[in-house]
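Here's a structure for you.
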Amino acid sequence: MIVNMAATATQEEINHVMDRIKECGFLPHLIQGAERTVIGVVGKNRGRRSEIESLRVAPGVEDIIPISQPFTLVSLELQTTRTIVDVKGVEIGGPELVVMAGPCSVESREQLMETARGVKAAGAKILRGGAYKPRTSPYDFQGLGIEGLKILKEASEETGLPVVTEVMGVEDLDAVVEYADMMQVGARNMQNYPLLRRLATVPRPILLKRGPSATIKEWLLAAEYLLSGGNPNVVLCERGIKTFDSELRNTMDLAGVALATVARSPGLRGNDAGPGRRNGDGRGGTVESPRHAP
Amino acid sequence: MIVNMAATATQEEINHVMDRIKECGFLPHLIQGAERTVIGVVGKNRGRRSEIESLRVAPGVEDIIPISQPFTLVSLELQTTRTIVDVKGVEIGGPELVVMAGPCSVESREQLMETARGVKAAGAKILRGGAYKPRTSPYDFQGLGIEGLKILKEASEETGLPVVTEVMGVEDLDAVVEYADMMQVGARNMQNYPLLRRLATVPRPILLKRGPSATIKEWLLAAEYLLSGGNPNVVLCERGIKTFDSELRNTMDLAGVALATVARSPGLRGNDAGPGRRNGDGRGGTVESPRHAP
Amino acid sequence: MIVNMAATATQEEINHVMDRIKECGFLPHLIQGAERTVIGVVGKNRGRRSEIESLRVAPGVEDIIPISQPFTLVSLELQTTRTIVDVKGVEIGGPELVVMAGPCSVESREQLMETARGVKAAGAKILRGGAYKPRTSPYDFQGLGIEGLKILKEASEETGLPVVTEVMGVEDLDAVVEYADMMQVGARNMQNYPLLRRLATVPRPILLKRGPSATIKEWLLAAEYLLSGGNPNVVLCERGIKTFDSELRNTMDLAGVALATVARSPGLRGNDAGPGRRNGDGRGGTVESPRHAP
Amino acid sequence: MIVNMAATATQEEINHVMDRIKECGFLPHLIQGAERTVIGVVGKNRGRRSEIESLRVAPGVEDIIPISQPFTLVSLELQTTRTIVDVKGVEIGGPELVVMAGPCSVESREQLMETARGVKAAGAKILRGGAYKPRTSPYDFQGLGIEGLKILKEASEETGLPVVTEVMGVEDLDAVVEYADMMQVGARNMQNYPLLRRLATVPRPILLKRGPSATIKEWLLAAEYLLSGGNPNVVLCERGIKTFDSELRNTMDLAGVALATVARSPGLRGNDAGPGRRNGDGRGGTVESPRHAP
């Protein structure tokens, strides 16, 4: 649920609502925008939902909006402005398209420095490269580790490009935080919840890759782990899904990108729209529409 | 295999090569462009492939190109110019993007006429609508049939838009040819080979939808049925594939469109490229690259 | 909907109910078992459903059962006994497991006769082999056609085994009926509705293969095309589905076989069970259970 | 590669071969069976493969077998006897089928104790139950944690059943080792390589669930992580894969179980079999056979 505070609400009224939310066993999540103040009610406590709903009549409260999706903080309902994630000065989500480029893995100082210069010259804004590599076989090259992180740092300092690199496990987390500007969660780790919970507490933005067989909902809920744990700086990365067609490594799910936006926007969907919404025709519900091959 | 004739080749030399191809149990497929003449060698007769190869020294022959793909006529190797399919004056494949629009099925005269006018006003160039509908349930509306075809014709005459509509079976083929300007093969019929063989002989261009679980190769081979049977006017329609993610009816396979082009272009692939090609680095083989989740 | 007649219902009462069903725009489907008489109400006419429901008070009617599934005749609700399909004396669905064996395609008289004898000696009860072959490439061997059918017939006569073979299109249907004892619908034709509609009128049992990307519901509705068209002798053939794992040609969906039975049995499902049913615990609803990876 | 030592090989000869393997940059993996001694050569060092091959003429060496599969220790080539994994006295892989049963998650002491008694009475040999639960939503119940482990231990002591439970991250590993008899790797963690590497060093057998979109090869290579890291006690658990058919949560891949065995058995496959092998007919190569829908 989301509590919309009135434009005229006092700080005292806001505090009162937040205290009540805590007393009911939920976590209040305050967003104070220039124009309106919104409080996300995070958690599951079905027995006391009605108590939150009764806050509708509390002083300073304008409206309470139920959220039918399983996520709260990821929902666009709570957003007063477009999310912009700042990676050491480079803004993702703003008017400019940001390209991140670099090799799959850091293989040597020479290889990376040369690539970094090329990437910079070509106009990319962020340098990527793997120091820790998840490899299907234990006998394949597993990455240079901390040595690779140092090379990335050096390339970053020379070119001025921020660096994004994968963190595979909690044991490498401190090292990656020290050297990298953005932490990448690989496709195989999208549902590695202990890792997500730790990343939620890290002072770095997260690049969250979609798992090869993750639904949009599973992907957004993985992001909810990060947001609800305290890290609002999450960038979603669609990198292809596994399908029957193995001629390409993965099938790029372009429509899935649009669907992620629709799924986050209750107002775009027919079934949970409140009165006065625009989608009176109920046509927004493509997300739930039955599958049939024409 | 493909026989490239020299620019100076005489008609007699061309005829000689075509006769030899027939004698070896293959079908010659002649393409005389403004700049060069090319003969596709269609069929499978492994025992006599070498006889075709020995035509390399026949008078008027410039080169013989083996095709490693399972299709011949669909291959871009045989193309001297970009394919343009003419649908009653509307050119598909030319510089202009062609939009086809209309309802899923023709439900009534009023519905279709109104839609057709809207479609025309919005700038679409071809009107679509189903008169014969493949329906998962026998109890669902199966289309207006011949009545629907007549309505489509009327809408076409009023708006000037050519009409594309689905043909589901050979028994309806003559009726659809009479009323429609382009024949649509539905996703479920992509591998209905008796239907494809009949459509290959029809004086109408074909819109060939990709089956919901068809690989690119299966799709191109379905087109090869049409081309080898005598109908060169085939438009491929990517309409989404079935994947684990059922939130949208289908997953649009945008990269598959690019892959279809790559698969048709032997010169773009590392493994079957001859000497002097551009891809000396062998990196073109993405099609064959092993799948692994990064 | 299904109308259960009382054990004491007279023929006149049965006729009256059937007439009323027709008047309401539905098709009555009479099943007179030794113990009870049941009338399936086939079709879609939502506006007049309530009229059928009011037949509950008609003389001789014991009960009216709504069917929430999209199929009626395939539903086990209508079955008074286990379906047994007789293929020239061999009973499929009875106490004995029936094995059908033979080559993918009939290649020659010698090959088939030898195989048929081996198949017979090994204990199989039905001989299979393809005379018409759906092939991905137009250049692959397409089957011996009518010559293959004659060879199958000869092998059948020598060994005494009934023959099942694929029919690909309506134009070959009469020939296949003449020579074969059971008609096979191939995976690619499972949703070839014009073919299904014609097979529904043929005096031969049908072996209906599941399409490579067909859901259980789509498969059962394909069977409903056959049953509602007049052919009650349908055998379902699970032959594997297309999945991301292409190491085997197909993934055998063993649980799908069980699911097909559950889907046909309203009494096994929690959501549409009436009072007095066995599944009071509502646990039968596995079919609808949300997917999540443990 | 695998080095087969002669039955007459002395310990000195064995040591010599192992030293040479190390000098070439590989890891020797010694298996001394009652009948023969075998040394697995683990690792990738293409440049020095030929040096290993030249050991063929070293004293005491009978044969050197190349392994074309990407895994070595998982290969059945190296096995002299059938693998039996001992879970506190219960043998998995022996003549008796072992059933493991219990609730998805440990919810309370009462729930688990009652279930454990029922599981025991029904004949299961191992008790399962989750104390740490990977949940799609951060707001869902995440398991009782260490409290759940204690309850499992108590149930194990009362019933005498060994306990298997999931370990989600390296931070919980010591606790799970203390209370559980077998460690479960969940489907989402099959490719969590830091976790696998730590589990390889733990004195407990591992139950390795197949990932929802993991190929057989990826699954076996995950097992290779465990074996090559030092833990030979690995049980593979097929738990269903994600496919287009979401009516059931997962599609059980029964044939995949057989394929896993075939993939581990070079002798069953046509393409890499040496002379004198049993598969002279070349029929084992189903694994590589091209996919096509009949």
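Note that the chains take the letters A, B, C and D in the order they are written out, and that residue 1 is the start of every chain.
By our rule, a contact is a pair of C-beta atoms (placed from the backbone, for glycine too) under 8 Å apart; a residue touches a chain by one contact, two chains touch by 3 or more.
Note that the structure is predicted; figures quoted are calculated from it, not measured.
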**Type of subunit A:subunit B copy interface by residue overlap (half), same or different** = same
**Asked** Most remote chain relative to subunit C, going by C-alpha centroids?
**Response** A
**Prompt:** For subunit A and subunit D, what's the span in angstrom between their mean Cα positions?
**Reply:** 34
**Fill in**
In whole angstrom, the CA-centroid distance of subunit C from subunit D equals 41
**Chain centre separation (subunit B, subunit D; CA means) in Å** = 48
**Asked** Going by the touch rule set out above, which residues of subunit B reach two or more other chains?
**Response** 134, 136, 188, 191, 212-213, 217, 242-244, 246, 293
**Message:** Quick check on the complex: what are the subunit D residues that touch subunit A?
**Reply:** 42-44, 70-71, 134-140, 168-172, 188-189, 191-195, 212-213, 217-218, 221, 224-225, 228-229, 242, 244
**Contact footprint of subunit A on subunit B as seen in their complex** = 104, 134, 136, 186-188, 212-213, 215-217, 239, 241-256, 259, 263, 286-287, 289-294
**Prompt:** Mind pulling up the subunit B residues that touch subunit D in the complex?
**Reply:** 191, 213, 242-244, 246, 293
